[in-house]
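I'd like to ask some things about the structure below.
Chain IDs A, B and C follow the sequence of writing; residue 1 opens each chain.
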Amino acid sequence: MSVARRSLLLFAGLFVLFVVVGWALGAANISLLLVQSFAYALVALGLNIQWGYGGLFNFGIMGMLMLGGAAVTFISYPVNAQFWGSEGPLMLGKALMALLAGFLLIWGARRADRLGIKGKWKSFVTVLAWIVAYIVYRSQIDPAAAYIESAGGGWVGGLGLHPVLGWLFGGVLAAGVAYVVGKICLGLRTDYLAIATIGISEIIRALLKNMDWLTRGTLTVSPIPWPTPLPQDLQAQGVSIADSFIYARLGFLALVLIILAIAFFLVQRAYGGPWGRMMRAIRDNHIAAASMGKDVTRRQLEIFVLGSVLMGIGGAILVSFQQIYDPGSYQPINHTFLIWVMVIVGGAGNNWGAVFGALLIYITWMISDPVAQAVMNAISGWSTDIGWGGIPEIQSRASQMRVFVLGVVITIALRYAPRGLIPEVVRREA
Amino acid sequence: MNELIFFFNNVMIAGVVLGSIYAVGAIGVTLIFGILRFAHFAHGDMMTMGAFVAFLLMTAFQAMGFTTPFLPTGFVVLPIAMVFTAIIALGIDKGFYAPLRARGARPVTLLIASIGVTLIIQGLIRLFFGSGTWSFFETEQKQLIRIPVPLEGVTRTINFTQPQLLMIVATIIAVVALHLFLTRSRLGKAMRAMADNADLAQVSGINTKLVVRVTWIIAGGLAAMAGTMLALDVNLKPDLAFNIVLPIFAAAIVGGLGKPFGAIAGGYLIGFAETAAIFNWSVLARPFAGSLPFELPATVAIVPTEYKLTVAFVILVVVLLWRPTGIFKGAST
Amino acid sequence: MRGRGGVSFDAVIDVQNVSKRFGGLRAVNNCSLRVERGSITGLIGPNGAGKSTLFNLVAGNIVPDEGRIFFDGQDVTGLKPHQLFHRGMLRTFQIAHEFSNMTALENLMMVPSNQTGESLIKTWLAPGAVKDAERHVRQKALDVIDFLKLGHVKYELAGNLSGGQKKLLELGRTMMVDAKVVLLDEVAAGVNRTLLQDLAANIERMNQELGYTFFVIEHDMDLIGRLCDPVIVMAQGEKIAEGPMEEIRANPEIIEAYFGAPVEAA
């Protein structure tokens, strides 16, 4: 069976699955699932670029999603007048200057060889510059943070701009961080890169969770505005409450689909052309690619940044949709491994596969809970009947079932379909 | 002096405790990498699993009315828990990794497979134990040991708990036993040979299948030990060791992947670095507060406590950039 | 067109007092040699003489501990392979480094540098220009494939080609750009006799018709004798002799150093 026919069948099956689940859970729930799963599809597309095209092992997806969320919160949340009226902006400005000065210092130290400082002395000067920069920055940011949190309005608030701008900023922010991370880590071997990216995402989580002045940390921020009419707006126009949720979510969904379609089109075009050919060559044999004049390090950085942009945008969309930014709610399982399972099951290196995997795995992930609950209720009823007693705390147990299901799914996929359900097509026609 | 004892308690003792856990965990990671050439990402969850096995055994023992007079029951059952976990580790290899190896899968595929194992173990633990925390000391008392320092004007005592003392003793025993095994026994020598050069080991007639099996037994046993030690020190929860997988890998990488003794050194290095980084150094300067030309800040820590994790990461990145194969030259793929 | 012969040309590769150590081992020891423009220069020597290390040094895959390397009159010591590529130096590998999951044609089409379509911005904003450039690259690749008589396998995955076809493909890659100098690392290894004749003929044609300079490591003495002049002999990390093959064959010292040592079958 050709891959095209096979993918068509799989997508048809997926459609049926969504219809069945939608029929079982109701239109409001399935519209919610659809928005989230398509936002995840965007993130999966990002990972597919990094892993499928570039062979780069990114275990830090969670960090990129969090950055996107922080970005959209900052851009779209209403302005905090109390902060802007206080000493806060000035103090933050100073901290920013300190940060810039620190970067300049480090930048200068790295060029110390021009002053004749070489070898070990240069390393020493560089380390010293890092330490000084860190101390200078901490000396400014610590009091600023303390002031804002106590007297300066609690946190900086947002800018009150359009959420779509926030999504774009999410992409930009993720790109910036990915650039720095990539510069440091992309030279590493696969398994080292995996650990390094885990570390980065954990640091991003620690920062965003504890920088209360910037993100309100565990206090969470809500409600974050929507780019499309909210259910409440529709209700104000006389739409019934039940319908308002469906229509509002469908409106949001339309916007997400447009963004996904644009991203998909751009990525697909790039991968089908000379750019993709070069990337496949690098993935295939990076030594030979370097000998053929391809700047492997720069290209891998490019791919890492491009993938991270999509992750940042996806993370921003998810936060907008949920209307709440809670840095404490991010978990590696839900926000890194879930995406990996999507891409592996869907088919690394194939954009259709990544999108398919995202939709399939997200719905599997979400219905594991109710299905497990139903199964457990049945078993519990049966065991009670025969006198063994029921299963205690079914509800909380069932909600944990999805982690197990996810593990089983990826294990089966690796064993029986290691290249994914819609695998990468090796083009015979050049 | 009081300040020095405060320093000793918070940096030295805490560092040894943390370092022991990292070291014992990192030995398993480094052995698996040395023999099977992949980063076994599920190692943290194998540790958690080992701790839960010990917890179940303790509960069973207590239910049977078995109590130990001096030691915590959770510690007494540790050898049995290690055996069980080693058997489970063998099962995991047979069920998840061996089929992929037989197919000739790349190491990175095994790494992805270990995500699956992580999810399955965590899923099962959550399924049976829920996502809450459990304590080894519900019915027993966690003994606190205070050693007074016989010096004038010293009011503070050197403090540590009994499980902490036991865990350090157990770590020493484990390390000595491992050392003897790797240097004296035929099998241990074969393991080291295989970690150095797998192809050469294969042609020189080493039973590689047996070596792989022994690797999982040691890694599983040590994982149970590290996990239980951690759970005895803090509390038992499903993501107990998943959260410290980064420092453990950092320890293994810093020490040079494939080098068990490097992993031990790396473990202690990271343990001490973490406790030293979050220590409030201002305390040590307090006796001289009057004679300092500036006002002493209340807290002077290298990083705030919330960012403890960054320490392991920074060490990892610095070592990788400065000496990519670890401080002790490690294995390469 | 300048070809082989005794005329003295300027040096396109000039290796000056280069050393490289691996651990305690001196793989290349204070070695100096020159490759003249337009020549096919052979590099021979017993196993472990440091030939491959020298190639890796010249091609930028490793950096020398001491000494300098000049390419086309410019100091290129420490430059990376992709930078040397842009200056006109290409290499092939002892074990063929084809892109195994790409077709033979794609293997050639990926070679030209700075293709319009390699920029994401241009791919997205100027698809027409990318298409035009792609047509040219494709035509050139088809020409090269025909030149090498590989037309029947152009849509085959490179990984499925025979060893000899892979080597031809590697040679073909060097024709996709206006290279000045090509380093061939044991191009004949694993190639059957018939294909070897094709290979040698192609190298000669490229040298004479297209003006390529070749620097060749080879164990096949017949091939060296047919193609190369001069031949440089290395032993224990140093250059011990240089001259036409007939001279080399007649030099007793070299026979001592080279043929006296166990020679592996090429």
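To be clear about the criterion, a contact is a pair of C-beta atoms (placed from the backbone, for glycine too) under 8 Å apart; a residue touches a chain by one contact, two chains touch by 3 or more.
This is a predicted model, so every value here is computed, not measured.
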Margin query: Chain contact topology under the given definition, line, ring, star, complete or other?
Written below: line
Notebook entry, point to check: Quick one: which chain's Cα centre is the longest way from chain C's?
Noted result: B
Note to self: Per-chain Cα mean versus the mean over all protein Cα atoms: which chain has them closest together?
What the structure shows: A
Notebook entry, point to check: Could you state the distance in Å from the CA-based centre of chain A to that of chain B?
Noted result: 30
Check: When the C-alpha atoms of chain B and chain C are each averaged to a single point, how far apart are the two points in Å?
Finding: 51
Checklist line | Approximate Å spacing (C-alpha centroids) for the pair chain A, chain C | finding: 45
Check: What residues on chain C touch chain A, complex-wise?
Finding: 59, 61, 80-82, 85-86, 90-91, 93, 97-103, 105-107, 109-111, 113, 115-120, 123-124, 127, 130, 133-134, 137-138, 141, 154-155, 157, 173, 177
Checklist line | Residues of chain A touching chain B in the complex | finding: 57, 184-185, 188-192, 194-196, 198-200, 202-203, 206-207, 209-210, 332-333, 337, 340-341, 344, 393, 396-397, 400-408, 410-411, 414-415, 418
Check: What part of chain A is in contact with chain C in the complex they form?
Finding: 266, 269-270, 273-275, 277-278, 280-281, 284-285, 287-296, 302, 306, 426-430
Next item on the list: Over in the complex, which chain B residues touch chain A? Could you list them?
Entry: 33, 38-39, 41, 96, 99-100, 103, 105, 107-109, 111-113, 115-124, 126-127, 130-131, 242, 245-246, 249-250, 253, 304, 306-307, 309-310, 312-313, 316-317, 320-321, 324, 332-333
